[in-house]
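Paired with chain B in one complex and with chain C in the other, chain A is shared by the two complexes that follow.
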Partner chain A sequence: MPLPLLNYIAFSGIFILLSWAIYLPYRCGQLYLAPVYSMATGAYFAAYVTTEWNWPIVLAILSSPFVGAFFAFLPALGLRKAPGFTTAIASLALIFIIQTIVMNLKILGGHSGMFGIPALEYPLTTILIVLLVAGIIVYRIDHSRFGRAAELLYYSSEETACFGVNMALVGMLLQVLSGALSGIAGALYAFTVGSVFPGAFSFSMLLVVFSAVFVGGNLTMWGALVFAPILWGLPLILPEAIAEWKDVIYGGLLICILILRPEGVISKETVREVGDGIRKLARMRRRVFG
Partner chain B sequence: MDVFFAQFINGLAVGSMYAIVVTGFNLLLLVSGVVQFAYAHVVVIGMYATWIALRITGNNLIFAIPAALLSSTLLSILTEPLFRPLARRRAANQTFVMSIGIALILTHIMAKHLHEGMPIAFPESLSSHAAAIRFGIAALSIGQIYTFLGTIVAVTAFMYLLYRTMTGRALRAMAQSPFVARLIGIPTTKMGIASYGIAGFLGGVTAVFLAMALGSAYPALGDALGVKVIATALFAGLGNLRGGLICGLILGVTEGLTAGYLPGQWSNAMAFAMIMVTVMFKPTGLFGTRV
Partner chain C sequence: MLKKKIERIFVCLFGLLLSVSFVIAPAIGAEPVVKEWKVPSLIFLTGPYAGFGKQIKWGTDEAAAEINAAGGIAGRPLVIEWYDTGMDPAKAAAEMSKVVKSLTIFGPVGAPNCKGALPLVVREKGFAMTVDSGAEVVSEFFPYTIHNSDMFERVTPPATRGWAKRNPQMKTVIQFVFPFDPTFTDVANYQAKTLEAQGIKVLPNVEISESVDLASAVIKAMGQKPDGFTIVTLPMDGAKIIKELDKRGVKDKSRVLTFPVVDDQSFFDLAKGYIDGLYIWHFQNVLSKSPRWQAFNAKWRKAFPDSQYATFGTVCHYDMVYMFKAAVEKLGITGDPTKVVEERNKIREYCRNVKGFPGLQYNFDMVDGLGKTPTFLFRIENGERKLVETYPPIK
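Moving on to the complex of A and B:
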């Protein structure tokens, strides 16, 4: 497979994981921007254990969600009860904190970062397996009692409290799950690019992810799945004269979608209609072919 | 002790600029319910306007200051229609996301179409760091003196507007309850636009002071400043005007002292860590939220 196509698929997978990492806490109304922070911890962990301790890549990938989850758990202890917007800013601050910490730690390469990270032997298979497992987990959460409690919390915290839902626990668990997804995205990033440096995990990493979640659909997991590859691939296929305006395109899309269709392109109704359409087609097929 | 004093003065100078920007940010949050992350980018555009005016007029400050004020005010007012539908339904999270979209566009304009994305430098006459008053090894530069005095004048004028004029009373009424403000006949749309204009004006004032203090600007400055402004507002308590002033100064002093005593670039991390710890134990901020 040509390298540009492989890189496109790899980064699409990474951005889908990061988009789901933002989507999960947003289910309960928390705008949580720390996936980049958890991604940095996962990436540096994977880079360090494979280059310094010679861990096998598989072990590093399997451990990275736990590392990401742990580093998300620490601030979640304080942020779980925070109102939605407070979480957004506090989690944004985490990005700058982790950047400064890794910049000043010689053991992690300081400003230069870490190089010579081994590459994945079967990159496409690995990323597809990770996406499949992550997708199943996110789907099961969405369609569980826990997911319904989170959805109710999104619409009304008073009603959620009346139902006896532990809102702080819901918030914390979603942030920890978000950290796990971001951690593994970080590990995949490290093994795809072959190096990690502080500047890679900055606010600008959030831009494609934000666009995927809010343009694609912020109340279903399918929005991020469909739109992360589209928005990531858009600058790659457009003519260069237009592609250099990608930031304006992303910004313009965000502005337009929030004014015209705040729930995003793929809303819950869209998913329901598509599901109904597929069931109708299946019934027709059974009637025609027996 | 001299190092402490020198860094304390530097920190106060930087903190006074944070204080004005946080005031403008809190005004938008209180009156319109809008979390304007791109407000810092509006300030940086004001800096670019100052630089362009200085180049065109041969470093004439008399034209540069109105250029900064006008550009920031106009740009701020231009963003009002975009936020209006979201502000009506009080969707704070979505206004933040939209402001990120606006910030993306403004940063792109600065990075690609203003001075080809290269940093801009202000003339030495504007950004003079020559010591005017000495205290041992510590010194107050002319730029810092103008910044202190200018901040005091700007904030005093703003507070006078807010608490001693009918416009200010209308703005405070809208901050308390937009519904009741409309019922008693306050033209809420017009006042909303006015709040953007006032915030933009304050941003223009900050742009001039930042040009004096930093001596240069670059496209990514908006992102760096924007995060600090919002974090400071959160630290003080969202919408708390007086708290925002004090916490802006505290943040500046913390950054200054950290830069003086710790190696590397820990000043940013220290400031954010301080804010995070406060928010984790007191989510409503140090002085309490007003929204």
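Moving on to the complex of A and C:
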């Protein structure tokens, strides 16, 4: 496979995982911006264990969601019940905190970061497998009792309380799951790029995933799946004269979509309609071909 | 007898012909197979530092235009293909993946982009001429890249010592440091080590993020009652710090030293009227009398009327294009796609160790991928730089 295409798919996969990490806590109305923080922990963990302890890449990838989840669990103890705005501000601060911590840790390379991280032997297969497994987990959560409880919490905390749902537990679990997804995204990032450093995990990354979730669709996992590759890939194919306006395009899109279609381009109805369409096509195919 | 003489003449002639053929054969055999030399160049043309990127692009384009006007490289025109990386390591890596197998790549520029894109160059054993993004950052990826100036570890001490020598009363120094770029923190560390070796106490750094008001940072620094200050920040922040220091009684600016990044027109514009006496150390000598530099800078002033001198990044990239030209012509590179790996390795080795390369401001050697350039210490007098000392390259 040509290298540019491989790179595009790899980064698209990483951005989809990060977008889902934003999407999951948003299911219960939490604007949780810490995925970049958890991603940094996963990336540094993967970089350290493979370069310093010679762990196999597979083991590093398999362990990274647990590292991400653990580091998401710590702030989740305080943020589990926090309202949307508080969660947003507090989780944003986590990005500064992790940047400052890694900058001052010599064993993680300080300001310079870590280099010489080994590359994935089968990058495409690895990323597609991770994406598939993560997608199944997010889909199962969406369609479980837990997912429906989270959705109810999104619309009304009073009604959710009436149903006896432990709101704090729902919030915490979604944040921890978000941390796990971000952790593995971080490990994949480290193995794809080959270096990690504090500046890599910044707000510009957040802008892409945020746009993917809110332009793509914030009430269904499919929005991020479709729009993360589009929005991340857009500046790579835009002519130079237009590419300069990339941030304006992102911002404009975000504003327009939020005004005209607050649920994003792909809403639950869109998913249902597409599903019905596919079923109809399948029935027609069966009728025609017996 | 005559027969022997004729034989001898024939042998001599044959020997002469053989020698001549050895000399000219590479040149004849080195006829390029490409119609034009397409070289990808990765740079940030968007984002917060786009202004610097455009200046560097101008310098690169200028060199290419001059080369093409003079007949191109080995008779073929040079075409530079631009790739915008922004200041985004992921995008830099993606853009690099499009061009990593090229004969040579210009850039990427900026420490984050280098860290994002250069690992791919190492994996693919390519060659990226990353000439001005901090030698400490770039050297991690040697031998697959080069840097036009030496490690800060080697070039920082002489000028810092020069400044300390001119301020014998100075017993304590505090440093304002931009913490988000490893080059800045590295320089601050080397300056601190040098000053401490001179018996000067270096107080804990004051970290400066990009912000509108730097008064609190300056008050914090002044609270520790330092005798001297070094500024290792972005140019605009440097200018704001100078003004704040002035406001708080630091009128003798000879107690302040700035490092090369601060030396930008935006710094001079914003800090105008507050910088007399200030010391700046740099790799480039904008006061050079070199006719090439003078002509280049005259064009620069036309292109950027608000800026007095071309930036170091621009000069480095201009020199880089000429270094590529020299490599192609001296090594008889053909551009044959089937020989790209072999020819790329030759260019890389040439650039890593070229001796006496005629740069825009001075000639310099490349040693194992690092440019051995002199360092200069300037003092500002009546708003203008005055060269006070030149430090030869560290061997």
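The rule we apply is simple: the second predicted complex is superposed on the first by the 290 of 290 C-alpha atoms of A that agree within 3 Å, B and C clash if a C-alpha of one lies under 4 Å from a C-alpha of the other, contacts with A are read in each partner's own complex, and residues count from 1 in each chain.
Everything that follows uses one rule, which is that contacts are C-beta pairs under 8 Å (C-beta built on N, C-alpha and C of every residue); 3 or more make two chains touch, one makes a residue touch a chain.
None of the values given here were measured: they were computed from a predicted structure.
A.B. asks: Applying the document's definition of touch, where does A:I89 land relative to chain B and chain C: first, second, both, or neither?
C.D. replies: A:I89: touches chain B, not chain C.
A.B. asks: For A:G199, is the partner it touches chain B (first), chain C (second), both, or none of the two (neither)?
C.D. replies: second
A.B. asks: After superposition on the shared chain, which partner residues are touched by A:M103: those of chain B (first), chain C (second), both, or neither?
C.D. replies: Touch status of A:M103: both partners.
A.B. asks: Examine A:Y250 and indicate which partner it touches, taking first as chain B and second as chain C; both and neither are also allowed.
C.D. replies: In the superposed model, A:Y250 contacts chain B only, not chain C.
A.B. asks: Check whether A:G78 is in contact with chain B, with chain C, with both or with neither, and answer first, second, both or neither.
C.D. replies: first
A.B. asks: On the A-aligned overlay, A:L258 touches which partner chain: chain B = first, chain C = second, or both, or neither?
C.D. replies: first
A.B. asks: After lining up the shared chain so the two structures overlap, which partner does A:G113 touch, if you call chain B first and chain C second: first, second, both or neither?
C.D. replies: In the superposed model, A:G113 contacts chain C only, not chain B.
A.B. asks: Have a look at where A:P4 lands relative to chain B and chain C in the superposition and call it first, second, both or neither.
C.D. replies: It touches chain C, and chain B stays clear.
A.B. asks: Overlap of the chain B and chain C footprints on chain A, residue-wise?
C.D. replies: 103, 244, 247
A.B. asks: Under the touch definition given earlier, write down the residues of chain A that touch chain B in their complex.
C.D. replies: Chain A residues touching chain B: 29, 31, 75, 77-79, 81-86, 88-90, 92-94, 96-97, 100-101, 103-104, 203, 207, 210, 214, 244-245, 247-248, 250-255, 258-259, 262.
A.B. asks: Using the touch definition up top, name the residues of chain A that touch chain C in the complex.
C.D. replies: These residues of chain A touch chain C: 3-4, 6-8, 11, 14, 99, 103, 110-113, 115-117, 119, 189, 192-195, 197-200, 204-205, 235-236, 240, 243-244, 246-247.
A.B. asks: List the residues on chain B that touch chain A in their complex, please.
C.D. replies: Of all residues in chain B, those touching chain A are 35, 82, 85-86, 91-94, 96-98, 100-105, 107-108, 112, 223, 227, 230-231, 234, 238, 263-266, 268-269, 272-273, 275-276, 279-281, 283.
A.B. asks: Any idea which chain C residues touch chain A in the complex?
C.D. replies: 45-47, 50, 82, 84, 86-91, 93-95, 97-98, 100-101, 111-112, 115-116, 118-120, 122-124, 136-137, 140-141, 179-182, 185-186
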